[in-house]
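Notes for the one structure printed next.
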Amino acid sequence: MPTQTKLTPQMTAAEVNELLKSAYPQLNAEYASYEAIEVFPGGCTVRLNADERHLRPGGTVSGPSLFTLADVGGYVCVLTHAGADALSVTTNLNINFMRKAEAGPILGHCRILKMGKSLMVFDIDIVAGPDQHTVAHATGTYSIPPKRHHPHEVK
Amino acid sequence: MPTQTKLTPQMTAAEVNELLKSAYPQLNAEYASYEAIEVFPGGCTVRLNADERHLRPGGTVSGPSLFTLADVGGYVCVLTHAGADALSVTTNLNINFMRKAEAGPILGHCRILKMGKSLMVFDIDIVAGPDQHTVAHATGTYSIPPKRHHPHEVK
Amino acid sequence: MPTQTKLTPQMTAAEVNELLKSAYPQLNAEYASYEAIEVFPGGCTVRLNADERHLRPGGTVSGPSLFTLADVGGYVCVLTHAGADALSVTTNLNINFMRKAEAGPILGHCRILKMGKSLMVFDIDIVAGPDQHTVAHATGTYSIPPKRHHPHEVK
Amino acid sequence: MPTQTKLTPQMTAAEVNELLKSAYPQLNAEYASYEAIEVFPGGCTVRLNADERHLRPGGTVSGPSLFTLADVGGYVCVLTHAGADALSVTTNLNINFMRKAEAGPILGHCRILKMGKSLMVFDIDIVAGPDQHTVAHATGTYSIPPKRHHPHEVK
């Protein structure tokens, strides 16, 4: 399936991880579990290092944890491809849960489906386990705020 | 808009809150923030007592926190109306984020749209603030496992 | 559940039906089956008069026909509440199908969940039959184009 | 992104096109515009030959037409991979519209994300134009009825 290879990321995975940490000081403990591991033209790969805090009864990774991974994947896409404006917000996210995932690394393969002026649409395949089975799939939209023109803006 | 008043809940809000606590021992710290405040025929009202842990930069309640409230709302619906089978799982959840919510009580008004044998569909209006503005709306599906017939089943 | 009663429609059901006809000349034959029957602050009621063309095998109203009713419901909302700009387009629509509907009148009760500057979010309860059972439910987003300032603009 | 190559289709594109025609006699005129062009392990490719009937004002392919292509894509997946039971029904479909498409061939690349006993989840990339740009993306769920055991069942 097609990826939009004409898009150009403006940040590396390491840079966007730094941004995630500073943008979310109070959630640091939780968000340290979520990180970008690769940024490429038109998408990114993110990872949840799922431990006991992310499990629901039966030892499977909870829905909110997988939702958060999908949301972080979209956020990494918008930060790296639309400029580092931490004020972009999710307007819609649709997620299908398909298989159980156990504690351990959960990968999210994220594609930008549309990068518009005010909206970015993305989808994400969330995979886990030895066979890298699809455990969930999500589609979402981020609203991109109009560019501000502050002279000292970090962008 | 119609609610399915022919449905009959089999548990009170207090009983389902007990169940939420025992079913989620390891998440207790987090899930204490989420509770059922009313159960009625065809739906329920749930509440997130949003504090600093639920905020993202700018002081607004995070998307994952609102997603969790929607998911808990559906879970309370399925537990109270389909029998207390903690093994029901979310198969789909679609959420639209519409306004910012600040720390404080966030209410979720939840309706059962369909209670089938194997699937329950619900929606939830999430409201907050002095005017009880709609801050998010979600629709979701829970998969209901087939009834087990163990003689000592706790249900 | 709350409706946004502060919103004020700028057109009647009869006026918006005229607009639907002129905006969709080539689809007239099909769209004559879809009409607004009421417009009120914060929402509208639309109707599909389902006949043989809208049925799939087994005599039930097809998914695309119900999708179209949901889409028309959102379009009537945006036309009547955001100004008669026929260029508004659907950006997202999520629909759950819950019960079968037979030929005959199908009603869609439509609420505006958010009327923003550039996006409108709505949901719709689609009901049919003697008991007005919910047969489908949809949530959608319309993108509202920036106001144009043509001197002779009909708005 | 991964496709479930372990799945095995039980019908060819030609066979499923025959089935679509006989299963939808009354919709034949319309559904002749929609066809399967390839069936492969874990997915299929479908095509809408968009003409004037599928356009909305401005000459762009309408939302309901793209929704129908997505729905047909899922239907072809379930018919070819779960057995030719025409009674499978869509329970959920979420679609994002991203770019305008003009009259002409519109392709839908469809993947099965999960083939369960009672539910199939799929997604579809809908592309068009000289660059095969993504014009829409959908995710959906089909409910698969329990196998019936009629001796003369065509399956």
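Lettered A, B, C and D in written order, each chain numbered from 1.
Keep this in mind: contacts are C-beta pairs under 8 Å (C-beta built on N, C-alpha and C of every residue); 3 or more make two chains touch, one makes a residue touch a chain.
Only a predicted model underlies this, so the values are computations on that prediction, with no experimental measurement involved.
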Legend entry - Chain of greatest Cα-centre distance to subunit D: B
Legend entry - Same-residue or different-residue interface between subunit A and subunit C, half as cut-off: same
Inset, instruction - Determine which of the two chain pairs, B-D or A-D, is joined by the larger number of C-beta pairs in contact. - result: A-D
Inset, instruction - Would you mind pulling out the distance in Å between where the CA atoms of subunit A average out and where those of subunit D do? - result: 28
Legend entry - Rounded Å distance, subunit B centre to subunit D centre (Cα mean): 33
Legend entry - For subunit C, residues that touch 2 or more chains besides their own: 91-92, 94, 96, 98, 141
Legend entry - Touching residues (chain side subunit C, partner subunit B) in the complex: 1-2, 4, 94, 96, 98-99, 109, 111, 113-114, 121, 123, 125, 127, 132, 134, 137, 139, 141
Inset, instruction - Would you tell me which residues of subunit C are touching subunit A in their complex? - result: 91-92, 94, 118-119, 141, 143
Inset, instruction - Within their complex, state which residues of subunit A touch subunit B. - result: 23-24, 26-27, 52-53, 55-58, 62-64, 67-68, 71, 86-87, 89-98
